């Protein structure tokens, strides 16, 4: 009866993609640990871009900074 | 000073129902563990149906599958 | 199929107390929102005192400060 | 590579304020524990007022009750 | 840069099993949503049996009750 | 009344360091958003190295792989 919480940036993940995440994680827990799929719960939290930070920056700025670095190499 | 996080599917829980959850959980922690209600924090996270999985399926499909099983018994 | 996560300071809550929390929260969600107890999951996270802060202080110091205030009134 | 999750009531925090939270938390973890900012992740969860409880009450009622107490002193 | 938190009961999952969970979830997010593995973070929380409830019971009692039901069928 | 949850790898953070994290986060939320320190709660979750993954690997292996890359440049 595992519980899995997935946080991703809100960027238009389709219902089909979420369906695949739910099925994939549930399957993984069954294969690796023998967990019963019937009681495996998965929740997906789509977080607004402004509310996600990495490298000390909101994620959009972080990506822009990284893209610029790539260009300058 | 407990902290309680409640995740439910987003299906129109009323403000009154949430009020009862907050009061009920706070009361429970006081009765069982003597926790001070003044510093007990409760948050409720209403999760879109597409973002909640159980049994390897999005919850709406899981319920439909269960309802069909009941019918076929 | 709600999911509830309870965080409390680690101060020796008994197995019986945790049992009451699990039963009480599950019952509350059934009464208030009609949630199915069979698929209600509750987890309890006991957090070391050093790892819990309130009022900008570790909880033990916070309580000591509050007790002193009470005395001085 | 720490992960920090900040929950606040949804009361119109600006993108700039969230930017400061992300930068501030990332900086704090570097200063105190030497954590690498590049892999520090911060997420901010803005919770509807109805979904946040303290003192056994939804937060708006809690604040109103506190304001009244102040007035009556 | 997704963040995934996996909660399971503490029942002796091996380091190798956890390694497979980490690899499997990271791979799944890349395949389904094109997420960059380099910044995908996975944490695993092993919860003591007494601290995990389902069906209104601590998980050990829940399993015992279910096993008995199976026997009586 | 914000709630902040900090997850770090368990690598011997001292009580003093945790104290600084609690004070620093509480102060940050007051400065940036005017949040009341008295009701700001901070919890710190120290996660075993085996239970933390990044880049599809347990964190110890990830660091070793990165150190080797640095050497080979």
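Should a chain be cited, it is by its letter among A, B, C, D, E and F, assigned in written order, with residues numbered from 1 in that chain.
Quick note on the criterion: contacts are C-beta pairs under 8 Å (C-beta built on N, C-alpha and C of every residue); 3 or more make two chains touch, one makes a residue touch a chain.
Protein identities per chain, from UniProt: A, B, C, D, E, F = Tautomerase.
Keep in mind that this is a model prediction, so the values were computed, not measured.
Asker: For the chains other than chain E (Tautomerase), what are the connected groups under the touch definition?
Answerer: If we ignore chain E (Tautomerase), what remains holds together, so that there is one piece.
Asker: What is the graph distance from chain A (Tautomerase) to chain F (Tautomerase), where chains are linked when they touch?
Answerer: Minimum step count, chain A (Tautomerase) to chain F (Tautomerase): 2.
Asker: Which neighbours does chain B (Tautomerase) have in common with chain F (Tautomerase)?
Answerer: Chains in contact with chain B (Tautomerase) as well as chain F (Tautomerase): C, D.
Asker: Do the two copies chain B (Tautomerase) and chain D (Tautomerase) share over half of their interface residue numbers, or under half; same or different?
Answerer: different
Asker: What whole-number Å value describes the gap between the mean CA coordinates of chain C (Tautomerase) and chain D (Tautomerase)?
Answerer: Centre separation, chain C (Tautomerase) to chain D (Tautomerase): 19 Å.
Asker: Centroid from C-alpha atoms only, then distance chain A (Tautomerase) to chain E (Tautomerase), rounded to Å. What do you get?
Answerer: One centre to the other, that is 16 Å.
Asker: Determine the centre-to-centre distance between chain A (Tautomerase) and chain C (Tautomerase), using the mean Cα coordinates as centres, and give it in whole Å.
Answerer: Centre separation, chain A (Tautomerase) to chain C (Tautomerase): 28 Å.
Asker: Chain E (Tautomerase) to chain F (Tautomerase): how many Å between their CA centres?
Answerer: Each chain's C-alpha centroid was found; their separation is 22 Å.
Asker: Of all residues in chain C (Tautomerase), which are in touch with two or more distinct other chains?
Answerer: Chain C (Tautomerase), residues with two or more chain partners: 1, 3, 7, 21, 25, 39, 41, 43, 45, 52, 54.
Asker: Can you work out from the touch definition every pair of chains that touches here?
Answerer: Pairwise, the chains that meet the contact rule are A-B, A-C, A-D, A-E, B-C, B-D, B-F, C-E, C-F, D-E, D-F, E-F.
Asker: Okay, in this complex, where on chain A (Tautomerase) does chain E (Tautomerase) touch?
Answerer: 1-9, 13, 17, 20-21, 24-25, 28-29, 31-33, 35, 39, 52, 54, 59
Asker: Would you tell me which residues of chain F (Tautomerase) are touching chain B (Tautomerase) in their complex?
Answerer: For this pair, the touching residues of chain F (Tautomerase) are 1, 3, 39, 41, 43.
Asker: Touching chain B (Tautomerase) in the complex: which residues of chain D (Tautomerase)?
Answerer: Within the complex, chain D (Tautomerase) contacts chain B (Tautomerase) at residues 7, 45, 47, 50-58.
Asker: Which residues, counting only chain F (Tautomerase), touch chain C (Tautomerase) once they are in their complex?
Answerer: 15, 18-19, 21-23, 25-27, 37-46
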